[in-house]
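Letters A, B, C, D and E mark the chains in the order given here, with residues in each chain numbered from 1 onward.
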Amino acid sequence: MNLAQLILISLCGAFLTYLLGKASSRIRDTFAVFISLLLIIPLFCLYGKNEEITYYSFLGLPLILKITPLSWLFAIAVQTITSLSVIFSLSYMKGKERLDFYYLMLLLVNTGMLGIVLSADLISFYIFWEIMSWSTFLLISYNRGPALHAGMKYIVMSIIGSASMIIGILSLYVNCGSLDFVQIASFIPRTSSGYTLFILILFCITFGIKNAIAPFHTWLPDAHSEAPSPFSAVLSGVLIKMGTYGFILFMYTIAGLNIIINIGGGSFHYLISILAAITIIFPTFIAVLQDDAKRLLAWSSIAQVGYIILGIAIGTGLGFVGGVFHFFNHAAFKALLFLSVGAVEYRTGTRDLNSLGGLIKKMPITFFCALIGVFGLIGMPLTNGFVSKWLIYKALILGEHPFLAFIALFGTWGTIIYSYKLIHNIFLGQLPEKFSNVRKAPVTMRIPVIFLSLVVVVFGILPGIPLKIIDTISASFGFQPQDIQIWGIASETGVLNMVNIFAAIFAALIFVWLLFLMGRKKINIAQDDSYAAGAYVPKDKYNYTVDFYKPLSGMIKPYLRDFVDDFYLWLADVIRTFSDKTRKIYCGDLGYYISYIVLFLAVLIVLKMGLKIW
Amino acid sequence: MDRNDIKKWFKSPDKMGDKYSLWAIYFCTGCGIIEIPPVITARWDAERFGVIPVATPRQSNLFLITGYVSVKTLRAIIRTYEQMPEPKYTVGFGSCPINGGMYWDSYNTIKHLDKYIPIDGWIAGCMPRPEAIFVAVTHLWTLIDQGKAKAYVKYREKYGLYRKNQEMALGKLDWPPLYTTGGGND
Amino acid sequence: MVINILEIIISPVLAFIIGIFFMGLFRKITARLHWRYGPPVIQPFLDLIKLFHQQGFSHGPVFDLGIIMALAGSIVLILFIPFGGICPISNSGGLLVIIYIMLFAPLGIALSGGEAANPNISIGISRKLILALGYEVSFLLALLALMTYYNTISLVDIVEAQDNYKWALFSPLALSGIAYFIIMPAMLGIRPFDIAGAPQEISTGPAIEYGGKYLGLFNIWHALSMFVYIALFVDLFLGGGSNPLTFFIKMLVVFILLTFIHGVFPRFRIEQAIKYLWKWPVIISLSGLILITVIR
Amino acid sequence: MVNPILLIAVPLAFAFSIPLFGLISKRAGRFIPPVAMLFNLVLSIILIPDVLESPVSVFLSGFPPPFGINLYVGPLGILFSAVIALVGFLVSIYALDYIKEGAEEKYHMLYLALLTGATGVVLTGDIFNLFVFFEILCISSYGLVGYLGNKAGVESAVKYLIQGSVGSAFNLIGIALIYGQFGTLNMADIAANINSVSPNQLFIPLVLFIVGFGIEGAIFPLNAWLPDAHSSAPSTISAVLSGIAIETGVYAIARVTFTIFGASDILLFLVLLGLLTLLAGELSAFSQNNIKRMLAYSSIGQMGLILFALGIGTDYGIAGGLFQFINHALSKALIFLATGYMIYRMGSMEISSLEGIGKKMPVSSLCFTVGAFSLIGLPPFAGFPSKFMIVLSALEKHSNLFIVFIGIVFLGTVIEATYFFKVIQVLYFKGAPAGVPAEKKTEISPAQETIKDRGVITGAPIAALIPMIILALLIILIGVYPKAVDEILNASSIELLDRVKYIQGVLR
Amino acid sequence: MNFLTDYIYYIGACGLILIGLYILLTKHNLIKIIIGISIIDTGVNLLIISIGYKNDGTAPIFSRPGLIAENMVDPTVQALVLTAIVIGVAVLAMALTLAIRLYQHYGTLDMRKIKEQRW
């Protein structure tokens, strides 16, 4: 199966799903799962191949699809996350309205993403990018209510991004004469650095918006929290990473390592890194203040993207490997967390962190998977998040960016703060009476979640598997290749041996467990049998989940408003006011209208005779 | 004091541990609250015997009830006692828990605390001086050594009786019974 | 290989002994500062014996798992920290791994406490995590100053670089060292930063529901973490030790200083603590880091 | 070889025969416009290959130009006439069901007259004929705007009429001045002699033409009639006005500036004017709550974009502008048609009242979405290649000024996207309507007077759906396969730019 | 004097157009506005005619003897004016029809008050 057929199958699959839905919802569900899983197989088979195919000609421009190791990695992540999300949707979305439309859009987004990562020229990149953008918009708005506002925010920023991108693309076309990545890559070194910077800035705006880098992040919290949960997983797991893909593409495939490092006196990639650092630090602490589980995760996504971009932009091989690996990991554990929260929402009907609690008794599997996800998010050893973060930190420290490293490391503590809040407020604490009948999540919800947590753990202990692939990518971009082993990474200034660490931790756990068994046998007691100064407190009065970090939020809340968002809203308001003023030109009075005509005539004559404008 | 007797430690570590690591939770009302602080601070320093105040019943193994016990506080006393891990020891301090003391004719005090929870030892007096606590502790050591400080076993065995007494004083209790054993009047 | 395995076995035991000894000493010195006689130095060990044969109440699987995880994390941490030449896992990940393994303990205890569902525990955990946020700023700045100065992330390398009395505390890294020392009471959870477990306010916070062996494990964790943080300080700023004895002596000095601080200070409120931690130690360590970046 | 004069003659003949058909059957009149327009469409398509080979010049009175009146059927003309016929045909099918009662015959007559006028404007080679056809177009559209006879319609029609008359007076003055200078009315002849007169004497007629045609072509300060007329006319008429009428205005401006005057120094001014129009239109539409008015303002914005593209003045840019013209004709017609039945079913033109219509009228909503996406310029719809070409040609200027201009164009696009997406959200994702609203805002519903049977909200009838679906498919087809129109666009842009060829083609 | 005789028609035409524009700009009554348009139309027609006019010109009829082509007035403009007049009449009729309907709806012809369609 060649690449064009792959995309075509994906596209037709999407529409076929829609049509089948008209016949029977059961067939549609089965088919959606089938088509999304089916596509993984050829993608896997494409590993290591270097296939290129020109599939269409648009306005005289050849549209090319090509698979490279980088796009293979992204494509696999995209397809896997989408498949899991489709599987999850089966029960999550059951009984909701307009499901045909939902599946169509979900698979269309998938097609768009596959197209983005597989395309080898800018015009098909743009086309797939836009298809992804608007279908995402339709999906974000799916949940009605506040989702509309979120969708609006998303699409406006997205359109701004694509406007910037199309200017960049066409400017490249005008100057280079081709939109093939290879040709552009050979063109860029020949052009002036000012022009390269202009192009890079244009594209950084686009990818920054999609990727939610600091001044462009404002669409993300709304969109992620309001979208249907399975789609939030796709959104956060892979869709925003299309921006990351774009960053890598432009910084390393098209512009090339040397140019990126040296352009603007070396300040460009440093500037991006600083933006990424800002993206880490503020959203992390804004996430601490959130009371909506998905909103919290959304802010966390922004922060984690900051890590990815920080790793990629810092310009060393170690950082690049870490950044790309963190992309992969973030896709896994953030999708996992969104799906877990989705499962909770499905069973309880709420995702308000202040009213949930104690669900560990009711949904143990979901809890443990979410716990693994949270560990990955924090970067606890034995999860994949640890390895990638370790690589990023090490790159920063050895690259002598101690302040960036500080921000990245300190962000981790913020991560602990909010992820503990997430876990605690949903699963721990006391179970409110109203949730006493909650059942465990259905099978189709558990499968993706369990699979993803396995990914998190396995790649945490044996990080060499994906790191080898990533290292070939980084080597192909001209970075120093790393010494990757199956158990981790060895480099001149330090070894990371995850198997060793795993053995140590495992042995220690066993030891402590034996110690634990040595003591007198424990007695299991009910959760409400808890010390309360001698009082017996009835159920439902003991739920300490409200304002979990009250002292902290009291201190930092005034400084952590999303000023950028406020600024954008103000801007929108200004435009609205201005548009209202513009509208007043059409005042309804015929006399004015005629005077417009006469005045315009007069102005034209004056311009010609008096000012010689034209 | 046989704290430094290593042979004994090897012979019966549980008893020795219990003896020299009495972590006390105090239930202090009235004048009892005045007498406890000197015990644990510099003047008498209970810590040299391993007796330290702890904050929750889960961590304690010595329960000191000092001062009178009203109906309302009885509820908390029972709850606290039931939350303590075994082995656990109780000491009533002052005449009020023993027989009501000067509140013997009050409608609202509990006259005989041992009807509701088992007591290992009493310290009589109104109020006893802090030294009396040390006397009680040393006495408790002896009892532990001899295996006589088994009030918690009694509570477990005659739980039905205790529970009935408790319900008689407090009305229906809103927590489930701790043990299922020991019903009847006995 | 054999030596390595021996080291792996020995170092936790040694750490346990020293930690327990320190705990006893801690109580003793504090008592003496209070003009009391104080318990015997062996007292924490006696307490452990009692605790392990006392009943323990469990609130659920995570309640057990959390405390096991916390203690296991501390034990692993010990394996990573050179102790006067003993360092079983010297070359895997370096300081960055240490920073992350340090997270096991607070997270484990937080999870365990969360399952117990006691409001005071929640408050305690919340305070603990917030406090950690407070001291972590200076901690990380100090570590980064070290790592930048020596341009390595390996703890062993840092220790080696300080051989022959080139202690970091008496080098341009002095500011970082001072900042680290200032935040150490907060890391150890002793006064003036024992807000998380304040017994008089929230009944020892996260440890409320621990009884029996749970409390025993908790106490062991506390002892080990006392060892770990002090050993880390000695390794990072006082040049480690050529043999365990010198190392121990250095630790003792640091420890006694910390105990004095514990003995004489009252407790901060949580906001005060954060304000304090985000002010003076941060200023000092930040200027330390800036100094390092400038002079390098 | 068919005589292109039939393109004008047949609809005109049909238009005036409608009352006659009315004698046979009252219902017969409504089938005439589709037939006539189908004829036109087929004829145009048949003509395209010939025209692309060599333009056809028809002498109406037998005299060759410059003495006689001629039709010049070049690629540009045939392109416009094909699009006019296509949109006219589809809209007239839509009207079969939409226009049911009232002065039906008059509607169809005026409708055909309008299309005849538009076809005449784009085909004629004589400037006075241009004026005459323009007047046919204008007068019939005055009538059609006021066709419903309701308050809004009549008011808009009057305002439109007054402004239109002022414009035509200016045009006539311009023609008079031109004739005074050159003594000829043939466009090719004028163009051939244009350099014999000093430019200073020419700019007054040029300005007068720009103002005169600009009124119809919705250039910024002259377009005050447009939102009123579009919003108060029946949706079919809005579609035709927006898709055809105002575009013929822009066509006339292009023809005058490029072919007749060859005014290359005015191009930058046209670009600025286009940008101004674009911004004014999009900004006005942004906070608009009346859907048809919003669409009308959006038309203004699109006209600005087309003007901008024409003003770039390179062949690729003009091709882009003409592509945008095709896209706008199809998409805006589609959107107006789609909204027509929505408004009729909901009884209100407020955007907020269209809540949840996506479920009740799925096809209409889908068509609206397709049209909106196409207008915004999202792939894979027709708007993408057109915008692509425009921006590319602007960038090919290699001037920083044009990069700023493009920034402004995209600012307009973003605003446009915002309000279109807002409507799409309302259609699909706002709460479902609770049946028919109890109290209908009857006075502002355009179709209300003609159609009484308002039942439960159902989809549009089949006669309305077919044209919409065809339009939507065409938009997607052109978007995916822009090559379909590539050749004719290039030929058209060359026709506009290559004056010598035009002059030779006419004067032989 | 020569100037006046040569340009009198142009001046008249311009005057009429300007008068019409003045009416359009200053008057608010619809009927007056329509009259203004009519005056502009007249002015424009006069302008066109005067372009083709020649002093002492003759009718452009070749079949009649004694008429020289140079002296003939331009016949084209007359055809143009005829057309223009027809168009003008059509517009006028349309305008008046609509004015009547407008009056039925609003009860006034003051265009300042008829501005329901705006913004």
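One rule holds in what follows: a contact is a pair of C-beta atoms (placed from the backbone, for glycine too) under 8 Å apart; a residue touches a chain by one contact, two chains touch by 3 or more.
These numbers were taken from a predicted model, which means no experiment stands behind them.
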Under the document's definition of touching, what chains do chain B and chain E have as common neighbours? A
Using the touch rule stated at the top, which two chains are linked by the largest number of C-beta contacts? A-C
Farthest from chain E in C-alpha centre terms, which chain would that be? B
If you average the CA coordinates per chain, which chain's centre is most distant from that of chain D? B
Centre-most chain by CA centroid is A
Between chain A and chain C, centroid-to-centroid distance (C-alpha), Å: 36
Mind checking the centre-to-centre distance between chain A and chain B? Centres are C-alpha means, answer in whole Å. 59
Chain B and chain D have mean C-alpha positions lying a whole-number Å distance apart equal to 96
Multi-chain contact sites of chain B, meaning residues that touch two or more partners: 56-58, 83
I need the residues of chain A touching at least two other chains; which ones are they? 529, 531, 533, 583, 586, 588, 590, 594
Going by the touch rule set out above, which residues of chain C reach two or more other chains? 51, 53-57, 203, 208-209, 212
Chains touch one another in the pairs A-B, A-C, A-D, A-E, B-C, D-E
Chain D residues touching chain E in their complex are 128, 132, 135, 139, 142-143, 146, 149-152, 154-159, 161-162, 165-166, 168-169, 172-173, 175-176, 179-180, 183, 185, 227-228, 231-232
Once bound in the complex, which stretches of chain A touch chain D? 57-59, 97-98, 126-127, 130-131, 133-134, 137-138, 141-144, 147-148, 151-152, 155-156, 159-160, 163-164, 166-167, 170-171, 173-174, 575-576, 578-580, 582-583, 585-586, 588, 590, 592-594, 596-597, 599-601, 604-605, 607-608, 613-614
Tell me, which parts of chain D touch chain A in their complex? 158-159, 162-163, 166-167, 170, 203-204, 207-208, 210-211, 214-215, 221-222, 224-225, 227-228, 265-266, 268-269, 280, 283-288, 359, 373, 376, 378-380, 384-385, 387-389, 391-392, 395-396, 398, 403, 406-407, 410, 413-415, 417-418, 421-422, 424-425, 428-431, 482-483, 486
Touching residues (chain side chain A, partner chain C) in the complex: 357-358, 360-361, 367, 371, 378-381, 386, 390, 393-394, 397-398, 400, 402-403, 405-406, 409-410, 412-414, 416-417, 420, 423-424, 427-430, 488, 493-497, 500-501, 504-505, 508-509, 511-513, 515-516, 518-520, 522-525, 527-533, 542, 544-545, 548-552, 554-555
Would you mind writing out the residues of chain E in touch with chain D in their complex? 17, 20, 24, 30, 33-34, 37, 40-41, 44, 47-48, 51, 74, 76-77, 80, 83-84, 87, 90-91, 94-95, 98-99, 101-102, 105-106, 114, 116-118
